[in-house]
Structure formats: structure tokens, C-alpha cells
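Consider the two complexes below, in which chain A is the common component and chain B and chain C are the respective partners.
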Partner chain A sequence: MMSFLQNTALGLFIALMSMAAVQAQSAKDIMIMVDERTRQQNDSSFTILRISTCKYGLKGSKVKCTKKPVVKKLESASITVGQNGKDIQSILFVREPKSERGVGMLSHTYDDPNKDNETWLYLSALGKVKRMVASNSDDDSEPVSLFGSEFTTEDQETGKIDEYEYTLLDTVTYKGRKAVVIEQVPNASRARKSRYSKSVMWIDQERFLMLKAALYDRKGRETRRIFANKIEKINGIYLARSVTLMNLVESRLSNMALLSIDFGVDINPALLTKRALTDTTFREKHLKSLRAQAN
Partner chain B sequence: MNRMLNAMALWFARVPNVCRPYRYYILALAFIGSVGLGLGIRHLEVDQSIDAWLSDDNIAVQALDDFRAQFGSDDGLFLVYRAKDGDVFSPKSLSLLRDLTDQIDNWDRLEPAALGVQDAVWKDLDHILRVQTLANLRYQENTPEAMVSRRLLPKDSEVSKEIAEATRARALDQDNIALQMFSENQEFGALVITTDFGAEPVLDAAQGDLDLEAEDEFELAFDDFALEVDETAIVQDVEFIEVQPQTYLAFITALKAIYNQDQFADQFEFYPIGMAGMMESSMDIMIQSGLLLGIGVVLLVVLLWTLFQTAAAVIWPVLCIVASMVWVVGGMTWLGIPTSQLLALSAMLVLAVGVADCVHVMSEYLYYRREELNHEEALSKSYEKTGVPILLTTLTTMAGMGAIAFGGLGQFVVFGITSAAGVFAAFVFTLFVLPSLLELWHPNPGKETTAPTSLVGKIWHIATLPFRLLFIVFRKIGLSWLFTAAWLPPLLARIPKFSFQFRGLIIIVFTLIFGICLYGASKVKIDSNLVDLFREGTPLRITYEIVDTHMAGTSSMEIMMDFYEEDALSDPTVLQAIDRLQEVIESKYSHLVTRTNSIADLVKSMHKTMQDGDQNFYTIPDDQQAVSQLLYLFNSSAPEDRQALVSDDYARSHISIQMRNAGSVEYAELLARMQQDIDAAFSGLSTKYEQQKITVTGSVALLMQLADVISNLQVKSLTIAIVIISAFLMLALGSFYGGMLAIIPNMLPSVFAFGLMGLFGIPLDTDTLMIAPLIIGIAVDDTIHFVTHYRMALAKHGDLARAIKEAVLQVGQAVTFTTLVLGICFFMLTFSDYLGLAKVGFFGALAIFVALLCDLLFLPALIYVFKPKFGVKDAITDTAPVAGASS
Partner chain C sequence: MRVSLLLLLSGIANPVFAQDFEFDETELVFELEEIEENDGGVEFDDAIFETEDPTSLALTARYQFSRSNTSLTTTDISRFDLDLEDVADWGALGNIEWKAQLSTQDKNGTNTLEATLSKFTLQNSYEDVSWKLGKMRIGWGELEGISILDIVNPVAASSGSLSGDADAGQWALSADYFIGDNTLSGFSIVRPAVSSEIIAQASDNTQPEFGLKYQRPSGKGQLSLYAAQLLPQSAVVNLGAGTSSAQPYNLVGVSYNYARSGVLWEFDLGYKSGQERSDLTGLSTHDRFDLGVGFEYALNSTTQINMAAYGQFWLNQKDKYYFPGGFEDKEINSGYQLYFSKSFSNDRWNTIAVFSGALDASVSNQAISIEYSGLDELKLLASAYWIQANSESLFSAYDGANGVSFSVQRSF
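And then the complex of A and B:
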């Protein structure tokens, strides 16, 4: 049920935004680079995200929420550990809304397929920590939502390159930028678990950043679309500070705004333990230190 | 008035002569039109949803639309199974269920040809989104440390006795899956198959040559995107594909091929519930109805043949009636108007009116041919005699049907317009096409049959040999007297005298019957019960009874709650009110309600889970933050399930109530009492949530509305029909008094049918209610023919007794023929497994025969007693009739 807890919002963000040293490479080469960069970016990062979800409509050729969006504000820190730095430990706290403040998740993700990922969930109002167990080998786990938004765990998975076929469709000019268009089609076993029959991605050829993606359902209809906006250079890396996923069927969108991101932050491993979930004073002390570094 | 009617009669007399030179053009036009319109029938759409019967602005429809817009629709398949070893938790049952679940889940890995299914049918299984059974259902295993999601039945290990028992114990320990997934006695289980029926968006599939550089409105809109709220922004709502009956049929056919494989069929018996399951039964019923109507038409042909004893008098009328139906049904299809089950009633009405029109014409025609008139004269005379009454009956019936259409309600509008158009088509065909056809080939009564010389004649001679042999047999054994209606003329000849002699008694008896039936009709209950519409032992009835008896029931209702305030549904006081209401509903109405489900159940379940599975925590926390965090957990893990349960802002939600099937009367009582419980449960919250609105919706609520709407409409349409018919009769008879007198025999057949139902406690349902306009339509048809003939004869002879005698003898035969033909056609429907149609057939047939008695006995008796002159001056009204043939 809670397999989404294996992943963090940061993972999603970086997967979508990762830069790749794309030259005149094959589509698969490009994706391998993207995946590799994602892992590297996970090391010692501290992020503040805001995910807003609403029903949308068009007004004066602009996309607007038709109702007050549901907003979640999250703080997250992660480090890479283990052999070759392939295991990831991360912790995430909900800051808003007020009623969910203090909800926390601690994840240990292992590269070894024989080792189950571990996630601990903490609901502050009940004062309970629970270890959520879901096996890596469980083939019927379904993609689940990230904090109730339109983003799903499937949209942010890494390390699954071999489960897809990639085709370089074209090189185009998109919004004034040169971009390569890559089609990603899941193989037979992957297709059974995926809600998409294919994805088409526009990647900035110079900044190596995904600008747009069109996601197609099992019957080949475009049902979702991702747009990247507010592209900025942070710590020498180009990133979009705003990523929006539109559900074209239900006219709902989720916008993930990167309020701040810092790489190479000194994270005390003590923060990535169960104590940080339950001990507010302990947690705040460490977070305060991270916020200071970020500033 | 008299002069106008006579002028019209003369105009009709000229029609065959005017048409004669253009007969080939007329026939070519009729043929091309019939073929062209007939081609459309292949695309006939039948809309069987309940809401199609009600107009879009109906409150119940709006409530349901509102509900669907917020929480989505749930059009899946509930496949109930019975384990033949009596235990769904036996190792064998669980093992096979696991195989079956796996096969349905991975249908695309199966070989359709090996299962005997065509690829085109097989592909409709891609509507399956999820299959849930005891074999793949998950549960949360709780320890103080961890929360583990596991399958009730381990995935790969062989199902031993120990594993099966452990699975049983775990399943029994779960909240809220009993009755949904397995019955109390554990003999029955269910596969819950979620589909995308009705939720599949109308979006174009990606084209091969996708324009990779194009920028659409969204891309432009996302330049400089900022998250802003504007309630006036236009939401581009995506339409959803309407599911066609053939899709449901293909789906269930392919699914059946999987679950009917030997290994599964040996262990389980299956009972599908849901639209796809229903569709199969509906199709069976439609095929059976078609078959019964087909037999009816064969009987019609045989009867016409035995009565007229000439092929041309059978083939041409049947052709005209069939063509009328083709024009109307084909026309509807080409215009893209979906129809409903009411199409069968429209067809019956067109059949009835068409048969009456043609039989009257043919009867008169043959009468004049026997009087030694040649073809042209006989045809002209027959149209002179029958044209006016046919026009009047057509106008009357069209006006009656128009009254239904002007009610403005969904399928009734279609029914009213279709029927009116059909009746008009029958009139046009009788007036222009029938005489043109008779020009090609017309009967020669009395002429000696000679051996055919042409090839066509020889073929015909051979083809009709069985009929002629039948007649020879009939003649030998004396049955020809019965089948050729040789008994009819002598009987008709006696009627005028009989109805004169016993006029007082006849009036008393009929009035008494009328009175009793009027009392009975006042007692008739309107109670629509789906199961009661199917005969005992039919698959659908068995399925419903099993699911109602052993599982969570076949009906559902929704209590829609809107508090108009953000986060109201995470307020513990609101959830506690919902929880208490559910308890009240489940305990007070346990005879109907099997289970309820709401956001309150979900919060309780999550609370228990987070407290190590301790049953003491199967409660709603008192702290709003705790509730919010439990809901957060649910929202994160299953956002689509959350959207189906509560709105984004947690202001709106619903309580689902699963129920056993019952009649509309019982449901209505339940709804009324439940509304009081709802008011009581939420009254304490009215100060906190001033705008709160709690309404009951769902298919049951819609069914109530439908029954209510139909009964109101029935009263309205009957009243309008009676007023219109009375006006027409007064006009046709040129007499207010005479019109009032003639309306009584027209009302009696309907009152008689409804009266019998009331007296014998047979409830009226939404189908049976519709027979009233049909019966009146048929009854008034005969009456108009009778009274117009009577009036013409009275004007001609000036003698009441002689006019009655002539009308009885001339029209009596045709009226009796149409009664026999239509009565038998209707009676055939009595054998339908669908009792909605069977009741229409039985009571319709009965009413048709009563209408005949009214026209032949009651109406003459009334005329003898009340002596209406129908505007004919100096008519002799005090003579007694003499038995014998008309002059």
C-alpha cells in the first residue's frame, strides 16, 4: 500500500529535471546519463518543495485553478550511502497544511534487489512510528500518488532504463530552444505495471533539461502532460523551479514548485534515523542547521 | 358536418383512381424509401439507462449527475460464484480462484481462439481495470513496530489445508469485506471486476505522425505560468464514451469463455451482476420477444389467409404494415435518435392500427367484389366507405400519442413521436401504396381457380400447396367452418336483435362490470420490482435472488452530503454523526440494507491500523488533527479512491448503502423513513454548518422518480386522450350527445384491464402502465369505424335499427377480424419470460376482446336505449331490428 514511501519528492524532482551530457548520443545513452545524474544529485541535498493541486480551466488563454488549490509544503534531506554510494537514505517532513504538520517519512532505499526497501511513517497527531514493508519483488504494486497529487511514483522512478525502449524521434526547436524528442516505450513486463503505453519527452539539447512530456494511456491517448517552467541555474546546474503535471481527462493539475534546493549540504546522519521522526526538539535542531546552510 | 364528411368520403373514393396511372412511381418510391430507411436499422441504438427516461432537469437526475461528476460512476461487474463443494475457502476453491483471477487479470496472455472467441470480441476485455478476489486481496498485518501489506492468500505457494484455513481466518478478521467478497455461510464468493465503462474519455488516439513542433493552447497558456485562482476559468470537461450494448455483450461473452473453462465450471457456478451481466439477459429477452412477435406475425398471416382466403389480401397488407414499421424505426436510426424498450410498444401500436386499416379496406373490397363489382369499382367503393374512419382513427391515435410526447419527458417524447409517425406512415401506406399494390395483383373472390400457366404462377401454385392441403383437411374434418370464420356472418346477423332484446340487461351488466373495474382500478398499486418482472427460474431472477440472499444485495443508494465548508469531513463531530447514521440505518432497516460504507468507516479502519490493529481503536479519533493525518495517509496511498469518496476540499462526501432488491413501494417507504433519520442525525450540526445539504440519490432514488413520473404522466395522458377522443367522436358523429355516449365503450377496455389487476392484486409496473394508451388506441379504432358506418347508414336510410344492423354486418366482420388477429398477436407476448411484456400481452389481449364486445353489444344497446340521432334529422328511432342479412 505504501510503496510510494520508498521514494521522496526530491527524487521525483531531480528525475524530471536532471541534466544529461547529451551530445550526439543514442536515445538510450541519453537516458542512462539522466539516470546516473539523478543518483549523483541525491547526495547531501536539502530541499523545500510546495505541491499544489487543483481543478483547472482556461481564462484569457491562461491556465488557472478554478478553486483554491490543496497545498502541501515539504522539507526533505537525503544522502547516498553504501557501496559506490548506490543506497539512498532520505527523510521528509510535511510543513503545511497545519493539520498534517509533523507527519514524517524516513526511507532507506537499497540498490541490492534482494534487500527490501524500508520506510518508516510517523503521524504526529497519533505519536506513532510504523515501519511500512513492501517487497521490491512484488510485481503487482501499482503506481501511487505522491502526497495525493497528480504526480505518481511511476513519474519519478530511476534505474529502470532496461525496462524501456527509447527512440530519438527528432531534433526540434521548442520555445526557442533546441531540443531532442525521445519516445519511451515500456517493454512487455513493464507495460503490465505501467499506466502509460508510451511517453514522449522534449529535452533541452544544450541545458540537458526536460522541457515537456506527453504521457499516453494504454489505449494510446494522451491523458497527461508535464511542463517545466522558471528555468534557473542553481549551484551551476540548470533546473526548472516549477513543474506542472496536467491530467487532461479530469482537468486537474499538480504544480511542484521548488522553493529552495541546495546540494552538498552537510547532513548529520543522525537526522536520518527514527529518532528524528518522533523527537521534535532533536529534529528541529538538525533542520535549523540545514536551513542555515541553505541560506 | 354531414356534407363535409360526405365530401371527404368521395375524395377518398377517387384516391385509387388518381393513383392508378402513377402506381409504378408510388411503388418505386415506397420500395427505395423502405430499403434506404431499412438499412439504418442495423445501427439502431437502444438506451437502457434509467436516467434516459427522465428529462435532464429532473431533480433526481440532477442529483445523480452531480454525484457522478463529483465521485465518478461505478459500472463494473460483480461476478458471484458458488463453490460446488460448499466452501469458498477450501484448498480447491482457493487454488482455482487464484488461477481464475490470474487468467482474468492477464487475459491478454490467453489465446482467444483456444477458448472459441473471436479476436474482435476478445479485445473488449481491455475495459478491465482491476480484478479483486479473495485470491489477491491484501490486508495490513500489524505489529507495534511494523505495518506490512500482505495478500490474504499467499501468491505462489500451493494451497494446503493449513494455508486455506489461515486465509479463512484472515478474511473473517477483516472489516467490511464479508458479504462483499464472500457470503456468511462461505458457500458464495465474488470477483469484483472494475472496468472503465462510462469513464473512458473521448480523446483521439495518438497519430503516427505527431507534430513535434506544434504548440497548442496549453503550451501557450504555460508561458509564464503562475498558480492563480479564477473561479470563472472555463474547465474543458472531457466527454466520456457512451457504452454500447454490443460492447457489454462482447465483454461478457469473452469473460464467460474464461470462467466457463472446464476446470472452473467443475468447481464453481457463476452469477454475473452489473450492466454487462444484465445486458445478456436483456438480449435474451429481446430475442425471445422478437421470436414471439415473429410467431404472432405468422399467426397473423395464417389468420388473414383463412379469413380472406386469398393471397393478395394477405401479402399486400402485411407488406404495408411491415414497411410502415421500417420507415419509422429506420427513420429514427438515421436521425440518430436512440430508442428504448418502448419501441416494442410503438411497433405493436403500428401493427394494430396498420392491421385495422388494411383489414377494413380489404374486408370492404372483398365485400364489393362478392357483390359482383369489378376491381376498380370495388376499390373505389371500399375507400369511400373506409377512408373517413381510417383518417379519423389515424388522427385520434396521433393526437393521443402527441399528448404523451408533449409531456416532454425523455423516452416518452420519443415514444409519442415514433408512435404518431408510425400510425401516420400506416395511413399513408394504406391510402396510396395498398391500392397501387392491388393494381399489380388483386384478389378475385368466387373465381374458379385454374391451373397456372406462367412460371411465377406455377411457383406460387407450388408454394401455396401446403396451405391448400391444410384447407382440404380443414374442410374434411369440419374445421374450415371455424378457421374461415364461416360462423361469423350468421352470428353478426343475430347481434342487432339480441342487443335490442337484451339492451337493458346488457347495459346493466356492462355498467356493473365498469363500476366494479373502476373500483378495482382505484385499488391498483404502482410497484416496480425488477426481479418480479422476470419469471421464476430465469437466469437473471436466480442471480438476483442469490446475490440478495447471500451477498451484499443487488441495489444501491447514496446519501450525498455537502457541508459547503472546507475540511468539514475531517471534523470528528461530522464523522461521528455519519457513523451514528450508518448504525441506525443498518440496524433499523436490516431487512433491506446489507451494508453501508463511508469516509467514517475509512477513518476508523485507518485508526485501528495505526494502533497496531487493536479493535478498541476502531473508532473516530476526537482530535481533528489525528483525523486529518489518517486521511492524509489514505489520500497519499490511494488518491483515486479518495476522490471517489470525498471532494478535494473535504466539503462533500457520500454514504453508500447496499441493499437487497425490493419493489418501488417498499423503497419509497424506506426513503421516507430514512430521510427522518438523516434529518435527526445531522440536526445537531446545523449551527456549525448552516448550509449543509444532505440528499438521497442513486439508481433506487431514480427508480422511485421514474415510477412517480410515469404514473403522473399516465393519468395526464389518459385524461388528454379521453378528451381528444371524445372531441373526435363528437366531431365524427356530429353530435355532442352521441360522442359522450360512444366514449364509454372506449374507456371500458382500459378500465377492465386495470380493474382486474387491482382486484387480483397484480401491481402495475413501469411497463404495464404504458398499455393504457395502446388499448385506448385500438378500442377507439374499432369504435370510430363502427360509429361512422352507423352514422352514414343512418343518414342514408334514416332508420336507427337498420343503420345498426348494417353497421354491425359490414363493420362487425372487419372489427372481429382485427380483434382476432391483434388479440392473438398480443396473447403471444404472454409467453415472454419478461413479465413486463407478458402482462402487456395478456391484459392487452383481454382488453382487445372486451373492446369488441363493447362495440358489438354495449354500443348498440346504448344507442337503442338513448336513441341519439347524431344530427340526422327525421331519423326513425323506434323500430326493432329484424334478424337476417343486410340489404
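And then the complex of A and C:
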């Protein structure tokens, strides 16, 4: 479950962050640096996210939602702890929809492979905080949807660089930015677990930020597209405040909007305990403090 | 893990859709040619979503049809539930949470209507102490669905209430004292509800329930200690006098969870003293150990298996004791529970299979359910069960029983 939380929205935005001006020498170098940067930026962060999902259709020259989007609004805080800051404690709360409001999930992820990750959830129907079993083996994980959206854990995975082969296809100008087009193909082991046979990514050549991606299924058909928008520099980091994934097969799309984010936030570790799952007034007091600090 | 996903991924809808919902420039608009040409901008203006909903009231409507068959009867139930729930910040007083349900039911042609307040709590905290007052559930122990420590104060399923709300609890005061990573919790229920359907109790119960729990991390898991005075969920029938009784008994217990190599082990042990049982002449009090061991294992992020075995061991039993109907309450009762869940298609389909029963094979139950939540605003659920029981089982009347149900739910 911790892998699930790690792979939630925050992970996606972090994965799209720009790097410092590093002269990448190959497609793989770029991906390695993105991954390293991702790990560095996972400390003391607080984000407010909104995931909107709808069926879309074509109207004239535009793509539009044909139904009112289903909206999920989430708040997440995380800190790094432990030796060399490699353990992560994070907590996530659902703010909307109303019927799920207050649902919280606490996760402690350990770098030590011999220590199982811990995930806790308050189950009001049972009247207790329950520890959830976690699938520790990300390698064996099938992609799951994030909060019922089109985004899946696989769409936002970081790391696993060695499980793919990268090819620099082209250098282009995309949305006014110099970009490199990189093809990512999973190796045989990874391909067995992936729904994609390859991905083609447009990456800002200067900011090293993914601007767009086309994802192909095992039959070689493009089934999904990802667009990153609203690029902003926050706390010295370029990131996309809006990411949209279009499912071209089912004509559904999900937009993940980063309503606010801040790094280096002063997060009281007490918020990242089981108490926050049950003590509403305690939780709200700390979240108010974080909201005030966030952009 | 699947539990959390089910909770978090459940689809929620907004009212009043139009198939061609018209977004203006402030909403979701993509320029098609830009997408096709791969070199244009794709704009997503999120201004429309910035507005907070003026009301925090959550409304859920649910319709369910079920048919259950035994060897003697067929019962059809058609039922409509309307759930309302809300939370509110009452400033210095704390936070209010409430949930109410209005239900109308047609059971083989007999109509009933019931309004239930299933939850109402005022919660607040100061420094390291948190407290909650109101109608709530309190859960103890690690294993779910097995009454070793489990949920302290459920309203018994046989209480006759229409409400199928899983949140239905009892009026209680609970408090937690947080001491670093440790927590000391207590609760008190002044007038606990006790079901007494077979023979009504001569007078209402006036004994309170109260208890303490101490919880602390231990190794790769968590250790919890319990002590309480509790009442049985259902009154005990005195076969000699033809009356029923619900006297308090004492519980001391320990539970532990432990994770290793992706397997979450769960352990519950309770010692219950002063529990009433009936022989053919009347009631007497007895002591019992309850023990349960189980594990949860996530094969991957979409598949999970839970298994548990449990037993009840009466101490110093010399005579025979009975339930109503002449069924013997054996010295040792043991059972098992196997739970398997799997989700498909981006978590839009979720299936669950449950196998449970007694280890002596006197009774067994199989149930399956499948839920579809891919329609955003709607959730569909279908389920079925089968029961087998031999003639010596307390559940022998249910041998061959089966049932199906279908429900559709929409949240607003």
C-alpha cells in the first residue's frame, strides 16, 4: 500500500519536475537524473491535489467532457526519516467527494528490504484503525487506478530505469520549448508486467521536464496520451501543475491538478501518526498550518 | 489493502448530467488539431472547480433486491435506503459527525419504514488527550468478522432493525491518551443494547460496559492489551426457566499484528470470565478462552488473500449445555474463514469470494460478490451465498439455504 501512496499524485508531479541544468548525454542519462532528483525532492512536502475524470467526446475541433467530471480532492504530506533520509512517512486525506471526506491513509515506507512497509487506514465501519497488508514487491504489482481515475500506478512510476531501454528519437520544438523525443521500451521481464509495449516522451531539453507522452499497448496501438501543462517554477523547481491523461480507447480522461504544493514545509511528525486518522480536531489543526504554508 | 482501495476508489457522482454537458472556456477544452499535430498547447482551465460546494452534506441513495431461500421459506426483500451524512466544525466544542438513514422495505408484501440515526459524535482533543461522545462503533482486536475481541459494541445483527448500515453503533464515551508511540484508550457505554429476540428479557438491562486498551509498537508489529466489562450481544436463553438473561462478563485480552515478507499476521486472544450458559435446569457462569490466528497476503496490488482460524475453549466443563432448540453448546467450537479479493479493469470491477464454516464441517458457507464502479456516478453490486449444515449444527435449519442480491447505489 505504501507503494500505492508513493505512486499517488505527488509522485507524478515530482516525476515531472525539472532538473538543474545537467547536460544529458543520452536518453538513459536523462531518466537517471530525473529519478535521482525525484528522490531528493520527496522531503517535507505538502500538496493539495484534484483529480477530475470524465468521459470525453469531440465537438467541432475541440475535445470536451460529455459529462460533468467526477472530482476527487486530496491532501498529502510527507517527510523523510531514518538513516540517510531513505525512509518515508506520509499521510493522505480525501477532502472531496463529500461521502469520502476524512478518509485517511498513513504510510511508513522503509528502505530496508527486510522491514515491511506499514500502511494504516481508519475504518469507521469497524470503529478502528487497521493495518493494511502491503504488496511489497512492486516488481509483481499490476497497475491499479488512482482514486478511480485513468491514472494508474504504472503511469507514474519512478525508478526502474534499468528495466527499460531508451532511444533518442528526435529533437523538436514543442509548445515553444526545445524538446527531445525519447522512446522507452520495457525489457522482457518488465514487459510481462506492463500494459505498455512502449512509451514515447517529449522532454524539455533545458528543464528536463516531461511535456507529453504517448503510450502504446502490447499490440502497438497508441492507447493513452499524457499532457503536462501549467509549467511553473516553485521553490526553484520546475513542475507541471496540470497533467491530463487521455484514454483513447475508452474516451475517458483524467486531469490531475496541483492546487498547491510546497517543499521544505515544517511538518510536525505527530501528523504522520495513527492519531491523525482518528483525532479530527488534531488533524485539522495541523493541516491548517500546512495549508497556510503551501503555495 | 483492497479494503482501502475500495474505500478510496469508490466512484462518486455529481447530480444532473447532460450527455453533452457544455463546458465553456473556463472548463475542460482541448483543441483537437493541436493534439493531433503534437505541437500545440492543451489547455485545462481549472477555474470552474475552485468553487467550494456550499453544502457539505453527503447524500447516498441505494436500492436493493434480495431473495433468500431455505428449505421452508422464500423471502423477497425490496428495499430503498437514503443515507445522509455530514461533518461540521463546532469551534471550541470540537467536530460533529452524523449519519442518518431512511429506509423503506417490502418484505414478502409487508411494508415498513424506518429512520435511523446510525452515527452522531462530538469529537475534540486537548494536548495529548482526545475524546469522543456519541453514537459510534468501537473496534478491538486484529481479526475482522470473528468475535474474539473484534468490535466491542455492535448492535446485534438479529436486533430486528431495518438498518443495514455498517456504521450503526451505540451511545458511548471514548477517550484516547497518546503517549509517544503508545496509546491508552478507554470507553464506557452506560446502557448497552442487547438483542433478545427468542425470549424477551424480563427487564431492560441496566449494567454498563466499560473497558481499557493499551496499544504500543512492538518489533515489526503492534501489541494491544485489553480489559473490559462487557455484555453479550444477544441475551442467553435460560432453558430451565424459559426466560432470557444478559449479565456482564469480564474480558482480558491481547492482540498482535506482525508483518514479514509481505504477509501481515494477526493474532487475537481473549479470556472471558463469568459468561452465562444454560443447561436443562438453568443458568450458570463459566470461563472461556477465545483464540484466533490469521494472515493477510497481497499477491499483488489487485489481489489479496485473507485466512483465519479460531476457536472457543470452555474451561472446566463437566456437564452439557444447550442453545435453544436443543443444540449442544460444545466444549470446543472452532471455525475458519477464507477471503479472496481481486480487481480488474483499472479497478472498475472488484470481486470477493468468502468461504467460512466450522472446522468439524458441521456448517459451511460460501459467498461471492462482484461490484462494478465504472459508471462514475453509480455503483452496482451483485452477490450470492450458499449454506450447508448438518443436523447437529445450531444452523441445521439453514442447510441448503441460499440467496442472491442486487443493488445499485448513487452518491450525490
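Some observations on this one:
What we mean here is this: the second predicted complex is superposed on the first by the 265 of 295 C-alpha atoms of A that agree within 3 Å, B and C clash if a C-alpha of one lies under 4 Å from a C-alpha of the other, contacts with A are read in each partner's own complex, and residues count from 1 in each chain.
Here, a residue touches a chain if its C-beta (ideal position, glycine included) is under 8 Å from a C-beta of that chain, and two chains touch if they have at least 3 such contacts.
Values in this document were obtained by computation on a predicted structure and should not be read as measured data.
Superposition of the two structures on chain A shows chain C clashing with chain B.
In the superposition on chain A, contact is made by A:284 with chain C only, not with chain B. Contact with chain B, but none with chain C, is seen for A:170 once the two complexes are overlaid on the shared chain. By the document's definition of touching, neither partner reaches A:234: not chain B, not chain C. Once the two complexes are laid over each other on the shared chain, residue contacts for A:275 go to chain C alone; chain B is not touched. Once chain A of one complex is fitted onto chain A of the other, the partner contacts of A:58 extend to both chain B and chain C. Contacts of A:124 after superposition: both chain B and chain C are touched.
Of the two partner chains placed by superposition, chain B and chain C are both touched by A:68. In the three-chain superposition, chain B clashes with chain C only at 294-302, the remaining stretches of 204-212, 294-302 or 312-320 being clear. Overlaid on A, the two complexes show chain B and chain C touching the same residues of chain A, namely 1, 4, 52-59, 61-70, 94, 97, 99-100, 103, 121, 123-126, 128, 130-134, 140, 144-145, 147-148, 172-175, 202, 212, 225, 227, 229, 242, 244, 255, 257.
Taken in their complex, chain B has these residues touching chain A: 106, 126, 136, 138, 140, 145-149, 200-201, 203-206, 210, 212-213, 215, 217-225, 227-238, 566-567, 570, 610-611, 621, 623-626, 628-630, 632-633, 635-640, 642, 648-649. On the side of chain C, the complex with chain A involves touching residues 1, 3-5, 7-14, 16-23, 27-33, 35, 38-44, 46, 49, 53, 56-58, 60, 85, 87, 89, 94-95, 97, 119, 123-125, 130, 136-140, 142, 144, 151-152, 166-167, 169, 176, 178, 181, 183, 220, 222, 257, 259-264, 296-304, 343, 346-348, 373, 376-377, 411. Residues of chain A that touch chain B in their complex: 1-2, 4, 52-59, 61-70, 94, 97, 99-100, 103, 121, 123-126, 128, 130-134, 140, 144-149, 169-170, 172-175, 181, 192, 198, 200, 202, 212, 216, 218-223, 225, 227, 229, 242, 244, 246, 248-251, 255, 257.
Interface residues of chain A, counted against chain C in their complex, comprise 1, 3-4, 50, 52-72, 94, 96-103, 105, 115-116, 118-119, 121, 123-128, 130-137, 140-145, 147-148, 150, 152-153, 172-175, 202, 212, 225, 227, 229-230, 242, 244, 253, 255, 257, 259, 273-275, 278-282, 284.
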